[in-house]
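Look for chain A in each of the two complexes below; its partner is chain B in the first and chain C in the second.
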Partner chain A sequence: MVLLLSNLNALTGGLFLIAAFGIVVTRQVRACLNFFVFSSISLAASALLLGAEQFSWHLVAVGVINLITKPWLLPWILRRTVREEIYNQREITQAVNIPTSLLIALGLVIAAYFFSLPWLDAVAAGVTLRTNVPAGLAGLLLGAYTITARREAVPQLLGLLTMENGAFFAGIAIAAELPLIAELALAFDVLILTFIVAVLTRTIHEHIGTTAAGALSELREETRQ
Partner chain B sequence: MTERILFNAIQVLVVLIFSPLVIGVLHKLEEIIQSKQGPSIIQPYRDLLKLFNKDEIVSEESSWIFRVTPYVVFVTPVLVTLLIPVLTSYPLFWAFMADMVGAGFVLALGGFFATLAAVDAANPYGPMGASRTRMVGFLAEPVFVIVFFTVSFVADSTIPFIVQKKWSTPAANFFEPSHLLLLVAFVMLILAEKGRIPVDNPSGHFELAMIDESKGLEYSGQGAALMKWGGWMKFLVLMIVFLNVLLTPWGLAGNVSWGEVLLAIPLVLLKALLFIVLLTIIESSLAKLRLFRISEFMSAAFITAVVAMISSVFAH
Partner chain C sequence: MILIILLLFPLMAAGLCTLPATSRFGAAITLIDTLVVLSLTLRSGFQVIASHNHRLTTLPNWLALDALGALILLLVAGVGTTAALFSLGYMRFETINGLRRYHLNFNLFLLSMLAVPLLQEPGFVWIAVEFTTLFSVLLVGHENTRQALEAAWKYLVLTLLGATIALLGFLILFWAAQEAGSSPYSWSGLLASAPKMSPVLLDAVFVLILVGFGAKVGLVPLHTWLPDAHSQAPTPICALLSGIETTTVLYVILRLLPILRAAPGSHVNTWILTFGLLSVGAAAFLLQRVRDYKRLFAFSTVEHMGIILTAAGLSGASAHFAVTLQLMSHALTKSFCFYAAGAVLLASGTRDIASIGGLIRRVPTAGVAILLGGLAIAGAPPFAPFLSELSIVRAGLLGGNYLVVSLLVFFITIAFFAIMNHIGRMVFGSMSAMASENHMRLPTSCTVAIIAAAVPVIVLGIYLPGPLQELLRLATTVLGG
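Let's look at the complex of A and B:
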C-alpha cells in the first residue's frame, strides 16, 4: 500500500513538471491559466497522497485548502476583475523565442535536480523526498523564469504563484506537520495578491489598451478613453 | 526453435495483414467524430487491390532511386517487425539482430529513400514536401535518441524485449514520473513522424501544404500500392513499439505455445484500437501548426524527453 502511494506521488511529480513547463511556454493567456490550475491540482493530489501515507491530517488539510483556492477561487477572482478580452490574447513574442525559452527552462530543471542531489544524499532521503524536492525546486525556478520571460501581466502573476506552488511542493515532503496557520495565511496571501494584480491589470488595460507590462517603461502622450 | 521462427513469421504476417485495417478504422473514426459517415473500414484493402491491378507510369527522367524506393519503403517496416515484441514477451529468433537504435535507423532509411525519390521525379511539389519532411525528421532525431536512451538506461539494455520486461514486471517502474514524460514525448514523436495533426494534415490534397504525403505523389500502380502499404506498416510498427514496450506491456504471450500467441493477436489489435481512439481525439481537437511553429512543437517534445531522462537518471 505504501509502495502504491509513493508511486502515485511520483506520477503527480511528473504532472507538476509538465504543468510548470506549460506555464513557461504557452502563448494564450487562457491556456496559461489552465496549466496553472493543473499544477495546483497535482500539488493538492500530492499533499493528499502524502497525508494518507504519513497519516498526517495537516497535509490533508493543505491539500483541501489548495483544491479550494487555486483551481476554483483564483480563476473566479481573475474573471471577475480582469476583463474578458485579456484571456483571448496571445503573446506573439516573448523576451526570447520559444525554443530558446524551452532550452533555458530545461537548463533550470537540470540545475534543480543537480543542486538538490547532494542534499538528498546527505539526508538519506526516501522515495517521496526524492521526487518532491527536485520537482518543487524546478517549479520555483521555472516560475521565476516565467516572470522574466513573458510580456503579459496575467502570466507574470501566474509565474509568481507557480513559485509558491513549487515551494509548497517541496515543503509538503519535508515537513509532515506543517502548521495550519502557515497554510491558511499563505492561501489568503495568494487570493489578495491575485486580487491586487487583477485590479492593476484592468486599470492598465483601460489606460494604455494593452496589458503587456513592458509597455509601461516609457511615458506616453495619449491615453485611451 | 522452429516454433520461434514460425512465431516471428506470424508477427510479420500480422503486421502486414492488419495495418490497412488499422488505418481504415482510424479514417472511419475521424469521420465519425466529425458527424460524417466515413468510408468502410476495409476500404484500404480495396485501394491496395485496385492499385496492384493498375498500370504503372514511371518518368523517363528518374533514376534507379525512383524504382527502388517502393521496395525499400515496404521492406524496412517488415525488418523492424522482426525485432520488436508484437505478440510475445520473450525474444524470438531474429530479435537480437539489431536493438532499438538499429531499428530506428532502419526506419529512417526507408524515410530517407522516400525523400530522395520525391526529389528524383522533378515534380515541383515533391522536393518542397521532401525538404519539409527532412526538417521535421531532423528535429525529431534528438527526441528519438533521448527516448531510447532513457528507456534503455532504466532497463540496462537496448533490446526491446528486455526493456519491455523491465517496464512490466516491477509495478513501481510504471508510475515513475520519467515514464509519464516519456509517453508524452513518444506520442508527440509519433504525431511528427507519421504526419498527423498538429504537424501535417493527412487528408489534405493541397500539394503546397503537404509534408509527409508528398512522398507518394509521383507513384502509380504497384509503386503507389507499396508506398502506401509501407507507410501504413510504419505507422503500425511505431504504434506497437509505443504500446507493447512503453504503455501497456501486458497481454503478450509468455510461453512458447500456439494458443497464447494466437490469443495475443486480438489483444494487440484491441490495444491498437485504444491508441487510435486517443489519436482521433488528439487530432480532432487541435489545429494544424504553421510550418515554423513545428520547431516549437518538437522542442517541447525534446524538453519533455530530456526531463524524463534527468528524473530517471537522478532518481536511480
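Let's look at the complex of A and C:
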C-alpha cells in the first residue's frame, strides 16, 4: 500500500513537471491558465497522497485547501476581472522562441535536480523527499523563467503562481508540520495576490491600451533628456 | 495586549477609510491612527526596556516584541506619522475616490509593516513581507501615468519573484529545524536549535533568502525596480517605501544572520560583505548619472542598504551597534529627504534636475529642506547618518577590516560628491533655468511634516537620548552581541 502511494506520488511529481513545462511553451493565455490549474491539481493530489501515506489529516487539509483555492477560486477571480485577457485568441508575445525555451526549461530541471541533491543527502532523505524537492525546485525555476520569457501581464502572473506552486510542492514534503493556520494564510495570500495583479492589469490596460507589461521600458537613466 | 491593539488600529482605520465620506475624513482618520500607533509603540518601547527579560510577549512564539523589533516598530510608526501628515496637504487635489483608495491602501500598507517586527513565526513574517508588496503596489501606480504603472508592474513582479524564492528558503529553514529536533518554529526557537541544524541546509536557506529578500531590499544586481518604484509613487509613499519598507525587510535578513552564523564553517559574513559593498559601489557610480531628483534619493537607498549590510558583515558588538544606529538614521533621514523632494516637486512641477535652479531664492523652504536632506543623507556632519557611518568605520577599523573599510569610505565619498553635485545645482544654480513661474505656496501640513521629520535628523546627530541609547544597546544583543 505504502509502495503504491509513493509510486503514485512520483507520478504526480511527473505530472506537476509536465504542467510547468506546459506553462512555458503554450501560445495562448487560456491554455496557460489550464496548465496552471492542472499543476495545482497535481500539487493537491500529492498532498492528499502524502497525507494518506503518513496518516496525516494535516496534509489532507492542505490538499483540500489547495483544491478549493487554486483550481477553482483563482480562475474565478481572473475571469471576473480580466475576462477578455484570458479568452482572447491570440499569441502571447515572448522574448525567447518556444524551441529555445524548451531547451532552457530542460536545463533548469536538470539544474534543479543537482541543486537539491546535496540537501537530500545531508538529511538522508527518503523516496518522497527525493520526488518532491527536485520537482518543486524545478517548478520554482520554470516559473521564474516564464516570468522572464513572457512579456504579458497574465502569463507573468501565472509564472509567479507556478513558482509558488513549486515552493509548495517541495513544502508539503519538507515542512509537513507547518501549522495549518500558516497554510490558510498562504492560500489567502495567493488569492489577494491574484486579485491585486488582476486590478493592476486592468488599470494598465485602461490607461496604456496594452497588457504587454514586460515591454514597458520608459524608466531608465539614459533615455531621459 | 498592547501589541494586539497596535495591530488593530490600522486595520480599523483602513475599514473606516472605505466609508463614503468627505475627502478630509480619510486623511483625518489616517493621521489619528498613525498618532495613536506612534504613542502605543513608544509605550511598548519603554516597556521592553523596563521588563526583566527585555521582551514583551503577548502570544509566546507568535506575537512578541524585543528590542530590535521595538526599534523597527518605532521607525515604522514615526515615519508613518510624518507621511500621513505630509499626505494631508500633498494629496489635496486628488478626487474623493482616489483619496479613499489611497488612504485604504496607506493604512493596510502600514499594518503589514507593523506586523513584520511583531510576528515571531518566520512563516508569518514572510506573509507580512509579501503583504507589504501587495498593499503598496497600487499606491506606487496611484497616479495612473504610463511611467507610474510601469514602475508598479516592475515592482510587483520582481519583488514577488524574490519573495517566492525566499518562501522556499523559509520552508527549508523549517525542514532544517525539524531535522534538528522539534523546537517551536520561532525566531528564538530557531536560534536555540541552530547549532544542531544541517550546515548544508542552512547554506541553502541563506542563499535563497538573501537572493529573495535581497530583491526586495534593493541589493545590486536585483535593484533595478527600486529607483522606478521609489520615484514614481506619490511622495509620502516614497518616504514609506524608501524609509521603512526596505528597513523592515532588511530587518528580517538581519534577524536570520545569528541563526545562519551558528553553523560551523559558515561563510555568511563574507557573502554579505560582498553583496553589501557591491550595492554601495554600484549605487555610488549610478548616482552620478541620475537626472531625476527622486531617483537620486532612491539610488541613495540602494547605497544605504549596502552600507547596513556591510556593517552587519563586519560582525562584532560595535559593528552591530553601528547597524542599529544606521538603520535608524537612514529611515529618518530618507523620509525627510523625500518630503523635501515633494516640496520641490510641488513648487516646480518637474522632477528633472536640469530644469531646476535657484531654489534657495525662489522657494526658500523647499530649498533649505532639500539642501539639508542632501547633506544629511550624503553623510555630512552634524547629522544622524554622519554619526552612524562614523561608528561603522570605527567598528571596521577596530576589527581590523582595513580593506572593507577603505572601500566603503571610498564609495561613500563618491556618493557624497554625486549627491551634492546634483543638489547644489538645484539649490544654488542659475535662476533662469527654472521653466515655470507658477510657484505654489507649500501647504501648511507639508511644512509641519518637513519640520517634524527634520528634528530627529538634526538632534540624533548630536545627542542620543538615554532610553534610545539603551534600546539600541539591547537591539545589538539581539543581533548577536
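Note that the second predicted complex is superposed on the first by the 208 of 225 C-alpha atoms of A that agree within 3 Å, B and C clash if a C-alpha of one lies under 4 Å from a C-alpha of the other, contacts with A are read in each partner's own complex, and residues count from 1 in each chain.
Following the convention adopted for this analysis, a contact is a pair of C-beta atoms (placed from the backbone, for glycine too) under 8 Å apart; a residue touches a chain by one contact, two chains touch by 3 or more.
Owing to the predicted nature of the structure, the values given are computational and were not obtained by experimental measurement.
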- Mind checking chain B and chain C on superposed chain A, clash or fit? fit
- Partner chain(s) touched by A:Ile18 [first = chain B, second = chain C, both, neither]: first
- Query: Quick one: angle from chain B through chain A to chain C, Cα centres, nearest 10°?
  - Reply: 150
- Just chain B (first), just chain C (second), both, or neither: which does A:Ala175 touch? second
- Query: Touching A:Met163, do we find chain B (first), chain C (second), both, or neither?
  - Reply: second
- Query: Between chain B (first) and chain C (second), which does A:Ala95 come into contact with in this model arrangement: first, second, both, or neither?
  - Reply: neither
- Message: Is A:Ala111 touching anything from chain B or chain C once the two structures are fitted on A? First, second, both or neither.
- Response: neither
- Message: For A:Leu200 in the superposed arrangement: first (chain B), second (chain C), both or neither?
- Response: second
- More residues of chain A are touched by which chain, chain B or chain C? C
- Note on the structure: Smallest inter-chain Cα gap (chain B/chain C, superposed on A) in whole Å equals 19
- Query: Can you list the residues of chain A that meet both chain B and chain C?
  - Reply: none
- Message: Residue numbers of chain C touching chain A in their complex, please.
- Response: 121, 123-124, 127, 130-131, 134, 137-138, 141, 144-147, 149-154, 156-157, 160-161, 164-165, 167-168, 171-172, 174-175, 178-179, 182, 185, 198-201, 204, 227-228, 232, 286, 289-292, 295, 352
- So, in the complex, the side of chain A touching chain B is made of residues 3, 7-8, 10-11, 13-15, 17-18, 21, 25, 98-99, 102-103, 105-106, 109-110, 113-114, 117, 130-131, 134-135
- Across the complex, what residues on chain A touch chain C? 118-119, 121-123, 136-137, 140, 143-144, 147, 153, 156, 160, 163-164, 166-167, 170-171, 174-175, 177-179, 182, 185-186, 189, 192-193, 196-197, 199-200, 203-204, 207-208, 213, 216-219, 221-222, 224-225
- Provide the residue numbers of chain B that touch chain A in the complex, in ascending order. 171-172, 174-181, 184, 295-296, 299-300, 302-304, 306-307, 310-311, 314-315
